[in-house]
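Chain IDs A, B, C and D follow the sequence of writing; residue 1 opens each chain.
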Amino acid sequence: MSATAVHSLWTTASGVTAAAPGDSFTAPKIEYTQLMPVLIIVVAAVLGILVEAFVPRRARYHTQLFLTVVAVAASFAAIVGLAAGGYGTTKAQIAAMGAIAIDGPTLFLQGTILLVAMVAVFTFAERRLDPSSDGNRVDSFAAQPGAVPGGEGEKAAIRAGFTTTEVFPLLLFSVAGLLVFPAANDLLTLFIALEVFSLPLYLLCAVARRKRLMSQEAAVKYFLLGAFSSAFLLFGIALIYGYAGSLSYAAIANVVDGSVLEIDPALADTMGNDALLLIGGAMILTGLLFKVGAVPFHMWTPDVYQGAPTPVTGFMAAATKVAAFGALLRLLYVALPGLTWDLRPVMWAVAIVTMLGGAIVAITQTDIKRLLAYSSIAHAGFILAGVIAANPEGISSVLFYLLAYSFVTVGAFAVVTLVRDAGGEATHLSKWAGLGRRSPLVAAVFAVFLLAFAGIPLTSGFSGKFAVFKAAAEGGAGALVVVGVLSSAVAAFFYIRVIVLMFFSEPKADGPTVAVPSPLTMTTIAVGVAVTLVLGLAPQYFLDLASQAGVFVR
Amino acid sequence: MSFPLLTATAALPAIGAIATAAVPAARRTAAKWLALLFSLGTLVLAAVVFLRFEPGGDRYQLTESRAWIADFGVRYELGVDGIGVALLGLTALLIPFVIVAAWHDADPLETKSTRWRPTQGFFALILMVEAMVILSFVATDVFLFYILFEAMLIPMYFLIGGFGDRAHAGSDESAATQRSYAAVKFLLYNLAGGLIMLAAVIGLYVVAGSFSLLEIAEARANGSLEMATSTERWLFLGFFFAFAVKAPLWPLHTWLPNAMGEATAPVAVLITAIVDKVGTFAMLRFCLGLFPEASKWATPVVITLALISIVYGALLAVGQRDIKRLIAYASISHFGFIILGIFAMTSQGQSGATLYMVNHGISTAALLLVAGFLITRRGSRLIADYGGVQKVAPVLAGTFLIGGLATLSLPGLAPFVSEFLVLVGTFSAYPVAGIIATSGIVLAALYVLVLYQRTMTGPVQESVRSMPDLRARELAVAVPLIAVLIFLGVFPKPLTEVVNPAVEHTMSDVQKKDPQPEVEAAK
Amino acid sequence: MENLIALLVAAPLLGAAVLLCGGRRLDKTGHWLGTALAAASFVVGLILFTDMLGKGAEDRALHQHLFSWIPVEGFQADIAFQLDQLSMTFVLLITGVGTLIHIYSIGYMEHDERRRRFFGYLNLFLAAMLILVIADNYLLLYVGWEGVGLASFLLIGFWQHKPTAATAAKKAFLVNRVGDMGLSIAIMLMFTTFGTFAFGPVLESADETSQGKLTAIGLMLLLAACGKSAQVPLQSWLGDAMEGPTPVSALIHAATMVTAGVYLIVRSGAIFNAAPDAQLVVVIVGAVTLIFGAIVGCAKDDIKKALAGSTMSQIGYMILAAGLGPIGYIFAIMHLVTHGFFKAGLFLGAGSVMHGMNDEVDMRKYGGLRKYMPVTFITFGLGYLAIIGFPGLSGFFSKDKIIEAAFAKGGTEGWILGSVALLGAAITAFYMTRVMLMTFFGEKRWQPDADGHEPHPHESPKSMTIPMIVLAFGSVFAGGFFAIGDRFVNWLEPVTGYDHGHSPLSAATVTGATVVALVIGVGIAWAMYGRKPVPVLAPRGSVLTRAARRDLLQDDFNHVVLVRGGEHLTRSLVYVDHSLVDGVVNGTAASVGGLSGRMRKLQNGYARTYAVSMFGGAAVVIAATLLMRAV
Amino acid sequence: MNPVNYLYLAALLFAIGASGVLIRRNVIVLFMCIELMLNACNLALVTFSRMHGNLDGQIVAFFTMVVAAAEVVVGLAIIVSLFRSRHSASVDDASLMKL
């Protein structure tokens, strides 16, 4: 038995047990303070389950909402505390026996995810938009997801005033996974985190109150394709493990750059076999690119975004992108820096087709949610350009971009929930005609978000795009920048189209009405606008934050 | 740091915009007066800037510099040179007239919804544009300039698409579609140009490591900044493309006729007299200032395009059936002259080009606003729908004629001075180009006189028989502009002495000397 | 003294401003004001003149620098005036004749409700014309040059409700613009050659530069002159310009403005002297126009158009003379002045006739008017005698001198020019006699017009006849006064220089020849129009006649070549702009849209298709990565 | 016997699973194919673990099983509710959203 077992949270004892049976069990060292943000969320999620079990139905909604908000707030507070404690910069370290990295990117992204989660919770909890059925205020989630749509069971459930308050614990579980994902410092943690945040999302997709069929279809597609992609990821993990004989990023990196020299001849055909490394790396990459929705792994995005309940879409679109890009960055910069030159051409190709593909296909979309889905694809392309930059500016610019992008996204989808007609949300573009006449404020807000998406100066979208392109140019990816600006030009077209529709075309007689939301959604939208403008006008503070945070611990 | 005069000048209209937008729906007139008040205040501040500016002094004066986005190497740097002062003045001068001329353009057709406040929005947008344009004229930081260059598209876009020409009433579906087509075309053309420029801006930063005009110029001077020829050329092209779209230069001009045709006359003035000047201004300041070698390298092509613009624009103007489109093509021809003057790279040419920007602004404003009054009266933009107006509304016809004569740059009116300077400047460097350009004066006469003859003279058409002459408000717009035209035509000195030093600086940027006359006869 | 110069311009300029901006309240008094200011300007001119006479020949030139106009690096343009003998001559002619015509217009325009504006325009013209002749540099001259163009545009189109008038005005301005193009190019050439365009330096150092440059400048100046003075090939506008009110035709399109070209060439004498090729072109243009105009004049039945033709031809004489160089300059100017008198007189006469004949212009509908309007008849008659060069009258002296100078040019050139000039004299005699006969002699041929108004020919009011009488005096005596004792030569010689030349023929012979030509012309005319009655309907006439009636097809030429061609060009360009320049962009947009539509089809809703794309993607990624390592 | 053969087997299984996903219509079968792919991963992991002589791979395998179980729970829940409302287990029927 060789002693190449690299210590890892999961396998500390392995080498020892083999050596001396019956030896005393050494407890793993866990830095609970650094893990506090995650732990808080997990605990709250578990509590949420208990609430579902023991709290009377009438009280559940408020209890859950309270619990969730408090948990997210507390977790965010913990993040701030850690950052203030210098864990983001000087005291950055590997925690939990190498499973989790607590460093700048982690804290920055976790903070972003939590903020997004917070505003998303508000949209989840919104109960003023739909007309109340049988005297019960209803939110965007089905009374009883299990029941057949329009069937007796559902009617009864509605009459009884059931509501799916489970969404809150599900959200929390998902958040927990998302928090771990960008922090994962070994492949197993990566995989687990991925599943932990994916599975609840699959469910959340399925529980829309209106348009259930589409919602379920979205869930199925998301689930099947997600599982499919995670299988690729896992196989990649296996191969990398076979290559490096370890799961920990640091160890893998060491093997890749050949600093581990002594190789057991017995392992000659696996250990250090580049084929394994390359294939494995490629497959992991595939899994992550699926999550960020990069062409050609993007095809789930439009359908899922369209079918899922809009609050879920907003959360998913924002948070998963943040987490997935975080994980991607860490993988490329910490585990596989040695592969930079091998993966570069592929990444270039993917970035280019993603930017162009997303922008071009979006032009002919007729459903606002699908439109935003494609725009999210195009944005994934832009962010990839920053990832490719392969320099510190690259990291920080991506972090900044994610911050900017996620708030615009949540805000935009929150606005989408407001525009409704008899059939629920009126997502078909033709229904948005003349919105600017009917309710100028909402239209103006949405216009701001669209302009941010389009990357017009003085909005966060521009700052982010500029940061990313600048980094890319400095990283020698000038060509990508040119492609980027070209596809931005194309993208601008369809954002503008929506604005034209809202402001310059006459309102339709049977057009949708704009529901007046509760303070919850208002907060979401307000925060979105505020962040968009602040990051557009005076981004300096956040750029500093990002550039301080832009260092990975090894 | 002393009182930030330039910031104040730009901020005042911005504040005005917010204030105007905040006026409740019912108090429409109050909003108009508020907007006018703020624009006049801006004019006062601009006058102060003009007086505080010392022609003999530093290149950039009244400078301000604050940290902004350190990570991008961006500073909030303002400073104004002679050219900037001239255009700043032009903007501040024209906006009040635009506002007064547009007094009733944005009154809602029907007041059904109380939340919909087009009037407030309209004037707020105009002030917003003014703020951005002014700031872009005084920005000495490339990034800051770029941001404004792009951002000003949005309010313009809403002005064009949102408040179309009443010449066909708002309800008419085809008109609405045409208008939004024009607005989208305007935005996409300029956005595309701007994005290309964005790539160049980033490239510039990668090469120069700074966005500050002053720093870059200094680095250029002391040789610490070496630009590879090819790099410089690529960057130049990136910048120039954006400015050529904005200016607009043939063949990137087609958005202008649509935009000017569909927008109301005051907004059209905003486009061609003010916003487009940012493009030519930027050519002078950024293309020549940052990439002198590349500019010289590109000169033959640019001059050719400029000549094409001059002749082509004029010929198409002759072929138009729509008054506003005709003026639009005329403007394209004039922008050709401006660009010609800039790239001739002689003192006369560049002084001429700068004066041309100002004079073209004023003359076009005069012609276009009066044309607007005419169009609102008859409710049609087609030349064929007019005839004999001169008989029923002589004052309108007279002002229209003077505006037209200014457009064909009749001596004694301001545009002549600039046009002649451009021609002389071009001729002394590129005789053939000069001669070709001179043919423009004949064509100009052709389209102006054709327009005048078809609309104003001949037997009185039924449709115009009851047309009222200019009202007090409209006179208040037309007369002062004409006065300015005449004054600057006879006594352009105040302007030239501000502009000349700036031009000498630019000439030294590109390291060009004026060609010496063969016989030194001047005594 | 020199500070008075600005007053020359200021007075009429003020008048124009007041009258045009004054509004209706000036309708009553406007014309008086206008006339008064014109007169004022004339008075100032006289004061300056007397002052000038008091000085020695050499230091007569006055100079007034107002302010620096366009100060730009290496470019100096001033608002500055220069009043020398040459300018003075023009000032007196312009203000003098101008004032008379103001007075005449008071009566002539009495019934026009826009009379105030008419006087405003007239004043504007005076101001511009004066700027033109007293400017001290070419750029300021250019200002006046275009200014008179504008004034003439406004006045030709004064009756704008008549489409013909509006068109004529536009045509005049456009054709002039072509000439102006020449002038501006000339100025640019001067700037690049001499670094300035002030008369002084340019003319002094004219011979310091190459022949080619000077020739170019000369030709460009000539082009300008052709435009303004209606010389071939830019003559076509003058005939149509007769659409304007008759006083306008008299003042602008006979006496003053159209002679600006002559002034320009004489003023630029130094340049032409040094560029013989340019001079040659000048004389050719002059000679051609001389004949051209005369022929046109022979065929026209419209009295004003006939006079317009004669104007062309007379200016042809002047240009010809100016082209001869120092031999001819002075006589060009001399003929210009005398022509100013008699041609203005003739036009005023024509106006007076029309005034009495319900604005009928067709001479075939006149006849025997001498009984009805004696004053007009006499004054017109004197003008007639003057123009045909009846011995002793103004025209005789000036024209005779030109012919003499033409011969004095020497060589075959001299012979050709001389004989052309003689031929011209004959034709002049012919067509003027024709006009005279058709108008004042023979039987009355007028009938009631469409709505049955029988014209009642009557003498015009005093305000109209007095100017005619004054001008008649000028027509009779001016020439003699100038010629005897070479007064005019001595007067201008310091400015233009003078070279007697050496004519192969003696002065007497030339004079004899001239008189013979004159007699022949008159004779033929008498034979054709005096002996037998004139048909009311114009006979078909010979090919030449018909061509001449259509201004020798000049307009047909312009129409076919320029107008039609231009229309086609613009139309096709409009098409190009829409479908090509714009089309490219729209096409790109469309193709992107199409691409989008096709790519959209891939999103077919089947989860398994998506899986395929993922699988394929993964495969490609893996393969690519391996390949990268492989290569 | 050379452990590498196990790797080939794992790859083979993975390929079979993948192709099953691409080919089969029935959601359940499709789902099973995915499980097959996961198990292929497990095999590979265990093999590597064996070769490297550390337990990391085996641990991962256990986790994978757990994850697979969780996926079954979630997946079946979704699939069942879909089946209820559509009375069809064909994945191709779920194609409301396209283009």
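Assorted remarks:
In the analysis below, a contact is a pair of C-beta atoms (placed from the backbone, for glycine too) under 8 Å apart; a residue touches a chain by one contact, two chains touch by 3 or more.
Nothing here was measured: the structure is a model prediction, and the numbers come from that model.
With steps allowed only between chains in touch, the distance from chain B over to chain D comes to 2. Looking at the partners of chain B and chain C together, the chains they share are A.
With respect to chain C, maximal separation of chain centres occurs for D (centres as means of Cα atoms). Counting C-beta pairs in contact across C-D and across A-C gives the higher total for A-C. One finds 97 Å separating the Cα centroids of chain C and chain D.
With centres defined as mean CA coordinates, chain C is found 81 Å away from chain A.
Rounded to a whole number, the gap between the C-alpha centres of chain A and chain B is 46 angstrom. Centre-to-centre separation of chain A and chain D, using mean CA positions: 24 Å. Among the residues of chain A, those in touch with two or more other chains are 220-221, 224, 228, 302-303, 493. Annotation for chain C: residues 600, 603, 605, 607, 611 touch two or more other chains. Touching of two or more other chains is recorded for no residue of chain B.
Chain pairs recorded as touching, per the definition above, are A-B, A-C, A-D, B-C, C-D. By the touch criterion stated above, chain A contacts chain C in their complex at residues 220-221, 224-225, 228-229, 232, 274-275, 278-279, 281-283, 285-286, 289-290, 295-297, 299-300, 302-303, 341-346, 349-350, 357, 360-365, 490, 493.
On the side of chain A, the complex with chain D involves touching residues 1-2, 4-6, 8, 10-11, 14-15, 145-146, 148-149, 187-188, 191-192, 195, 199, 202-203, 206, 212-214, 216-221, 223-224, 227-228, 231, 234-235, 237-239, 241-242, 245-247, 266-267, 269-271, 302-303, 306-307, 370. Residues 67-72, 113, 115-117, 146-148, 150-151, 153-154, 157-158, 161-162, 171, 173, 176, 179-180, 183-184, 187-188, 191-192, 195-196, 198-199, 202-203, 205-206 of chain B are the ones touching chain A in the complex.
Those residues of chain B lying in contact with chain C across their complex are 189, 250-251, 253-254, 312, 315-316, 318-320, 347-348, 351-352, 388, 390-391, 398, 405, 410-412, 416-417, 420-421, 423-424, 427-428, 431, 434-435, 438-439, 441-442, 445-446, 449-450, 453, 456-460, 490-493, 496-497, 500, 503-504, 514-523. On the chain C side of its complex with chain A, the touching residues are 589, 592-593, 595-597, 599-600, 602-603, 605, 607, 609-611, 613-614, 616-618, 620-622, 624-626, 628-629.
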